[in-house]
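In the part that follows, the structures are each spelled out as structure tokens.
The following pair of complexes shares a single chain, subunit A, combined with subunit B in the former and subunit C in the latter.
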Partner chain A sequence: MFEAQEINAEHKDLIHDVAYDFYGQRMATCSSDQYVKVWDQNSDGKWTLTSSWKAHSGSVWKVTWAHPEFGQVLATCSFDRTAAVWEEIVGETPGPGERGTRHWVRRTNLVDSRTSVTDVKFGPRTQGLQLATCSAEGIIRIYEAPDVLNLSQWTLQFEIQCKLPCSCLSWNPSLSKMHPLMLAVGSDDPNPANGVKVFIYVYSESCRKWTKMDAITNITDPVYDLSFSPNLGRSFHVLAIATKDVKIVNLPHVYDNPNSQNVITKLDAQIVAQFDDHESTVWRVCWNVTGTILASSGDDGCVRMFKMNYINSWKPIAVLRGDGSQVSNEGQRSSVSSTVGPQIQSASQTARYIKLGAISQPRDVPWH
Partner chain B sequence: MDNTAKTFVIPNELCRRAGVAASWLSVNEFGVFGHQKTPKVDKPSHFAPSDASVFQLRPDIILFKPILRKLVNEANGTFLTLQALVATEGDHKAELLKLSRQYRSIIRACLENLQDEVMRADGDYREELQNYITIFYSVECIWHLCEILFVDAVPGNIVLPHLLDWIRFHFPKYDRNAASMLAGDLGGLESHPDYWETVIGSLLQGRVKVVRALLKLHSEAESQPFRIVDQCLRAMPVYNMFSGTSIAEFNLQWNHWVVDVQSKIDAKMFISCYNLNLIMKLTVGNEIAWGEIQQYCETWYEMLAAWLFFTQPTVKSFELGQFAKQCITKMSIGNRIKHLDRMLLAAMEFDILQVIKEIQNMTDSGWFVSHLTDLLYHSGRLSDTTIETIENFHPDKLRESFLIDYGSLLMGHKSLWQVGLSYLDHCPSDGPEVTKLLLARLPLNSEMRAEKIVREALNRNLTETAQSICKVQGMACKNRGRLGHALAWALKSQDGTFVSFLSNKFLREYAESGDLNSIDLLDNLGSCILASDRLMFLGKYYEFQKLYQANEYKEAANLLVSLLESKIIPNFFWSILLTDAIPLLECEKMVFSSTDTYIIMQCLEEQEKTKDLKDKLPILRLSATRNLARALVHEAQLK
Partner chain C sequence: MATFHVLQEGPVNALALNRDNTQVAIGGRNVFKVYTIEEDKFREVCNLRASKHLNLSFSCNDVSWSWTDDHYLATAATNGHVCVWNLTKMGKAMQEQDYQEHKRTVNKVNFHASEPNRLISGSQDGTMRYFDIRAKNAVAIFYSNTESVRDVQFSPHNPYTFAAVSENGSVQLWDVRRSDKCQQQFAAHSGPIFACDWHPENTWLATASRDKTIKVWDLTSKLTLEYTIHTIASIGHVKWRPQRRFHIASCALVVDCSINIWDVRRPYIPYASFNEHKDTPSGVAWKEDPHVFLSSGRDSTLYQHSFDYASRPAKKANPQGVSLNNRGEILYAHKTNVSTLVKAPSVGIIRKTSTTQAPDLFHLASSLMHQFTLSTENKSESQIFIGLAKNYILSGRSLSEMCEHNSAVANQYGKNQISVVWKIMKTMYGEEYLQNNSNNNNNNREDVISHNNLPLNMGLDHNNDNDQRSRGGGDTPAAQFSDETENEDQVDHIAIYNNGFPTYLNIRTGLPKGDFSFGENELDMELDGIMTDFQSGYRNFVTPQQDFVLPNEAFHIRHEIRTRSPPPDKFPNNFPVLSDDQNMPFEEQPNNLLTVSCLPKMPLWDPSSIVLDALKHHAMLGDVQTAACVLIVLGEQRKCLSDLDESTQEHWLLGYIELLSRFQLWNIATQIIKLSWIPAVEQLNQQSTRFNTNCSKCSKALQRIGWLCDRCHSSQYAACSVCHQVVKGLYAWCQGCSHGGHLLHMKQWFAVNKMCPTGCRHLCEYK
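Then we have the complex of A and B:
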């Protein structure tokens, strides 16, 4: 049983990405309508739109939050060949903006790409403020803000040639100082003859260099999304990959040895689970906060959830799909709009509560 | 792979046409939105213009209902007592049993609470409460049985007395009726509509004495059949572990008794009273009679206990499973068997893993499975040899996975997070990592809450996490323009750069407005002042201001000179510092020595080009020269 709150996102076209902040109290959405919107959850759990701005001059593909240590910071990437970093400013003085009003300012526009920027992600917070982008031309760029208190200064630290068009990237989220930085990048190049479509890069502190690892060699189908699982002190890293099916791969740890001249270039990756439940291409994969449940979405129009049990094996636990014919007013809470003033009333027009029960239960399966 | 996933429908047309995608928000909340493959080209999708919605989904967690808050908190207390107990040496069997009963009394209290509430409630809420009552009634019932079978060390495995206790506890109707009838102490009780039902019901629950007492109140109690029945029942052997009778001896006695009663039945001694005859037939296990009284049993397990009482009084706990199955077959309810029945049957078959698997399906948000599994684990029931043979089975991991799920769930609640933490604390393998992930993600809505979270992190030696939380809070304060709070948090986070940045902001604000904010904090810096050069300067400058205002000119002057000598003055602050020197130089009482004055003059020359100082330079030079003259004369006199 789920409780659902519908939020009319007020975008004029399909939403490409929804990202929640570190605490799950703020939501950013982006769309082909070139807008980015930020929503805040109030103490009653209701979501309201607090900012909306035209962020790019093309479709906005991805939106992502920086760790709150760096303030309220977003990064976006777009078909317009740029990526941008945004910071929220709280009005201090009674002037044009009232005290307490918020707005987002563009801190930098990263214009190095000559093609559509397909993904953007902030690095792990222990490494300062780093930003990785990848683009359709097959170049991964890593930027850094040397002074985290001044976000208008960004330097391009690395450019890695990937040779194939890149579609997605993910930082290994490990905060351990033992683990060097690691990036996974996927390519949606459709030609299997062009070889592997998942690339693992590891940063060596001693050589100040990103090295491509020979890791996942058997995925030659186009890859549309990938995501590292939160690290739970395991002796391996877990990477989920959206390709013609959902794949879960274990990667061993890498240790950066400053005394060794030989840089390791091989990793023994293991595919530990594959799900063809979508029976079609998989577009997105996403982990929950503790990495215990994976949500994937595919061309069958469904979101499918997989949970890991106590012996690290995976099984499907839930399926979500859309159906407009089942819209009903049952269970809708109307108390919100009838009791309070105009401000909340307008909000209740965008937020609607619905109870969702399971429609088919081959067998009761615990959500937990 | 068998497809066991539940399907949920998002009631939205666009989501149907385009398909859906999801983004996680936390451990078990997520957003779902209409989504399609990211296109390669930039043109409106064929859904545009559309009303795109995001659906925030979260599971309905009954433990978060206020009415169940007590259950969560009290169970947490028992859980922690249990963890403290097993951390000590020795055999804990007796204490574990006590704790198991404590858990049960918590459930009982919760049920009573719900029952009270349901009286007052109406409409949907009433239905909801009734739903909870059903859930926790089942929980109580299974827990009790599991306690008998897995936690309590029943001597000689003679389980029947416990089983009867269990049945009487959960089906108290007959006991209650009998008590009220006996309390009346009236003759001719048979006119009571429930009389025979109560007599037979009590008999089935093994209340032989009650049956006799009830029969005595029948108006024909003195007739022959009644007296024979009373004699028979009085003579009925009841097995008692501690009576010194061996099982073989008892069985012999029992068989004798059965033969005796059977002969009396055959002699049609009770034929005059239908119900008496039925009772006696039941005691000897007459199948037809047992078939007749099924209506008196609501459930198969009620029937099971009764049947065993009269046919297998010395049944061993490990034989229960086979009798349970026979009983279900006899009542021909195999195809109507419900979830609760399945769980009880699994318990009777000693299939602990099956029990654990089944109870996960109860919609109690994992309360039951985590506490029971923990109890069974510590009772050593998960490391039995029968289970160990199962491939890949790790009792500790199983226990931990439930506790982690339960703890993480509570961590998601705005006031239960500390309870959740205490569960994660008792997960030695993954607990610390999950704590690290979730603790840092607790929203910091207020200063007090942030401090509480930091304290919890430090209690667990998560220094790095604590520092990060402080930094986030500092950053948030900074953005809200609360520099004092921001500085306090920055100091706690031990981030030198951030401290310097904020100190600088303070100094700049002073340079612009002449006001120094957050006096309290600067008064109590202590050794924190060493966190950064800029903060040290800020602290020292504040001290200078205080001395000056207290008219301690000599001390103020000394401090000023040492500041000028130090290399920690921000460029924008030179003019302020030198301007501050003017009144001291012009002070009636001389406060700068000649050496001090040379230092000031040297700084003056170095800072000659500072813009803000331009119009003050002549005055400064004049004051410095005059003071130098004063000082030299004064010092010469001393020689």
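Then we have the complex of A and C:
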């Protein structure tokens, strides 16, 4: 089903993050070797390195693209305690039809953190240029560029104390204006006694402040990555969490009511799926653009993909090996370790019908 | 081994261990003490600043302990003095020597490792002085010819060699016997070098600089730069780790309060970090045990650290990255599994690997990156999305035509389910249906009421029909249904059905025979699936006691059927309702078996709630395309969907537009915006539409409508560069040189020329 193409990134150390741009035609990689590389795909699908530069004086943990309406803009964060915003400058074209020289310019360096900056993400496009960072000292910082044409000016809007070292963050990408800004932050603190490792913050436009929501209370294992699903039309939000397994959580919509004085601080979150297929630490979770497929990667060196079927229950659909091969016969593993909620349980009961049909392997499910 | 510390009166600049690592001397501006290192604490032995005659000689930049005689300490003072202290004496006599030879601050002082009584100092005045502590004056003076010497270190390999580093970034190697000229000098860093350290075994010299690097030089025969470590801050101090050939400890001068231990082979991320200090550490001294070391800090502390409490930044680092793009491609970068790579060559040298308990793989970190692309035989979801987006007709025709067309398009792309949704839209909201009810499409309630007033075309027969079918299809007991009919609403509904049903039949019969291009069974399944989906959302028709849930069955069997063609004799089995239904007037319309069998179920419900559920279902499955397109095609009919709040409609439209722009389908996205009825979406086309023009002569912004410049009082600069007439209407211009003119003239000009027609020599790009 999948063809693997090896890309020789020629990073001199571990690659910590890879990111496609909005159109999926460029990608950025970042590594411990302190370099960030930008790649472009040519017409026959081959990736060519177009830029490579030393971005930080420490390991570069994450790289993320801004929406292209703000230009070709990247943000990176690093062990060197800074986050940086980069913009691509296209030089004078030597002639018609020829491509000008390109290089990336550091537009700003955000130096507020006193420890390693572990994640950086641009806010939803509808909010203009916002940038959230989180750090190992447990502080979430939200920056804003008041003038989207001037990427060198960023003001620190909020500092949220999170108490535990943060490892990852995700904005709720919902496009609807009805949904207030929402941030999920994960902590990789290894001690279960330190309590919950996923924090949900909701921004209230009327109070102009971020409020922590009591939502997910039962995840005390270290969280390595989390990601809100793109919400194109769902009536609830979906959050994927990478911890010792893959968890999928449904969160209800929150509506910002300017009239009510008492702020809601509780969200009724529901863990709808839990997969321990990796049987090891899960490092990454990532959604496709429609939010229908979740990909996760773990220490087993595999990318595993999950999809919600027509009866709202999540099922594994494909396994990709990190060495480029596809897992030949994973068989029908009983991967749903525990599903929560009576609705889902009834669904997994009826799912027995699958075995009567022609589907014997998860990968046989038509690619949707 | 525990980590412990002791607090001092002021910042500690330096520390020195004695020969057998039992005692430590620390020095700073206000601190000069000797401690004994015990199991879990430091015990003060002597405070040299307890003397009554304090002077600047007691403020040390550096302290060194004699390697040969445990009683001697040497300090480098900020006032340029080099002092030698005898710990066996008391009071003023402790200060055995006070060399006042350096003109400026002394940065470093070091005892010779093997020669007793020998001592070297390096100063800010650019000189190094070699002392015999028995003599009153320096034995030798070395002029570095640089501004200042920051560090001097005797080589552990050659008793006569020492290295000196200076603020201009150069390293000098000297022979103590030859003070006229240094043996070797090289530029090592682009900034001041603050420290150097000889490797205990190799002929390596590590240098640390303000340029945020630590460099390791091999000084054997030909000078080579072996390793460069990139650090996050200027480095003030470095020290090789004993018994670990590639490990070196570093302290930053600013910013970074942690002590980092690096593996020089992996120069980007520390092997271990110690974060106990609250301010920058000033010195590190290993206790000959690779797991224990002492450090002093500007936070006025002296620490003993143990490797048991080290943090390992590399272990916290995320070793993998995954990204998905809009075409369904997956990018995956992950750490290469080095243990398997290493195993193979180590077979032949078993002895070597067995000496170390666990092979140190820290430095072998590297990543592999793969892109997984959908193989071409599967039409990917994104291609289908693009195909549907491009081929859907969303405006300009009658609702039925559009639905019909879109249904065919969906079918062509293999999306049978979506195809059926369009079909249903057509049957429910198509013109034929509406013509009969032309007066009442404002509100559901009104709908119902006006239907009641219409004459009932069909008699009780059909009412029965509906009843029977609902029993068969929805598995609802007839008794329950009749209970419900007591409800006024239900009565209303039946009234509608009786009215809508015959019209509906008319539409079906009016269709060409080859209308459904997929198999009959399949259609049946599709419809059933959708119908049951609707049911689950419909309040009255799913009873909690139901034994099985039909939707699951419907969808899974679909796959089963796909793999083998259904035997013809199965055909009647697919219509159990029909065969059982005695009241059905089969004879009248034998050609319409299929349509009659499954579609009359629909009028059982108010279509708006069904449609709403269907759209929500699609939106939830990530297929916002269907939801948004159906809403658009419905046009005014969408007002029937009164339960669908505007925010959801907006959400769907914005979602679809977002997806379209991801696939760079700008024209379609713009079309959607144009067709939208929600102000927030419509606005999208009205943003950034303003163009400001400037006079091409004086660059003043043109304020008026037209091309008259207020400054030049002329509009001649808005003239066409080719025909020199003032352009009225469309003015095509080059954004590079701002010259332009009539579109046609520009076209003609650039068909043969590359340069601007005005002769400004700009290479205009015109395509």
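Quick note on the criterion: the second predicted complex is superposed on the first by the 315 of 368 C-alpha atoms of A that agree within 3 Å, B and C clash if a C-alpha of one lies under 4 Å from a C-alpha of the other, contacts with A are read in each partner's own complex, and residues count from 1 in each chain.
As a working rule, contacts are C-beta pairs under 8 Å (C-beta built on N, C-alpha and C of every residue); 3 or more make two chains touch, one makes a residue touch a chain.
All figures in this text were calculated on a predicted structure; none of them were measured in a lab.
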Exercise for review: Give one of first, second, both or neither to describe whether A:F2 is in contact with subunit B, with subunit C, with both, or with none.
Suggested key: both
**Study point:** Which superposed partner A:S32 touches (first subunit B, second subunit C, both, neither)
**Key:** both
Practice item. Pick one for A:S235: touches subunit B only (first), subunit C only (second), both, or neither. Key: second
Practice item. Please indicate which partner A:M178 is in contact with in the superposed arrangement: first for subunit B, second for subunit C, both, or neither. Key: second
Point to revise | Partner chain in contact with A:L164 - subunit B first, subunit C second, else both or neither | key: neither
Review point. Once the shared chain is lined up, is A:L151 touching subunit B (first), subunit C (second), both, or neither of them?
Key: neither
Practice item. Scan A:R81 for contacts with subunit B and subunit C and give back first, second, both or neither. Key: second
Check your understanding: Touch check for A:N288: first (subunit B), second (subunit C), both, or neither?
Key -> both
Practice item. For A:D323, decide between first (touching subunit B), second (touching subunit C), both and neither. Key: both
Revision key, fill the gap. Dual-contact residues of subunit A (subunit B, subunit C) 1-9, 11-20, 22-24, 27, 29, 31-33, 47, 58-59, 61, 79, 116, 167, 175, 224, 231-233, 283-284, 286-290, 292-293, 295, 297-298, 301, 303, 305, 309-311, 320, 322-324, 354, 356-359, 366-368
Review point. Which subunit A residues qualify as touching subunit C in the complex?
Key: 1-9, 11-20, 22-24, 27, 29, 31-34, 45, 47, 57-59, 61, 79-81, 93, 95-96, 116, 167, 174-178, 188, 224-225, 231-235, 283-293, 295-298, 301, 303, 305, 308-312, 320, 322-324, 346-347, 350-351, 353-354, 356-359, 366-368
Study note, to complete from the structure: As the complex stands, subunit B meets subunit A at residues 1-40, 42, 44-45, 47-60, 339, 360-361, 363, 365-366, 369, 392-394, 397-398, 400-401, 404-406, 408-409, 429-430, 432-434, 437-438, 440-445, 464, 468, 471-472, 475-476, 478-481, 497-498, 501
Review point. For the complex, which residues does subunit C have touching subunit A?
Key: 212, 230-233, 255, 266, 268-269, 313-314, 316-335, 337, 365-375, 378, 380-381, 529, 533, 548-549, 551-553, 555-557, 559-560, 562-563, 616, 619-624, 627-628, 647-648, 650-652, 654-656, 658-659, 661-664, 680, 754, 763, 765, 767
Revision key, fill the gap. Subunit A residues touching subunit B in their complex are 1-20, 22-25, 27, 29, 31-33, 43, 47, 58-59, 61, 67-72, 79, 88-90, 92, 116, 118, 125, 136, 148-149, 167, 175, 224, 230-233, 277, 281, 283-284, 286-290, 292-293, 295, 297-305, 309-311, 315-328, 354-368
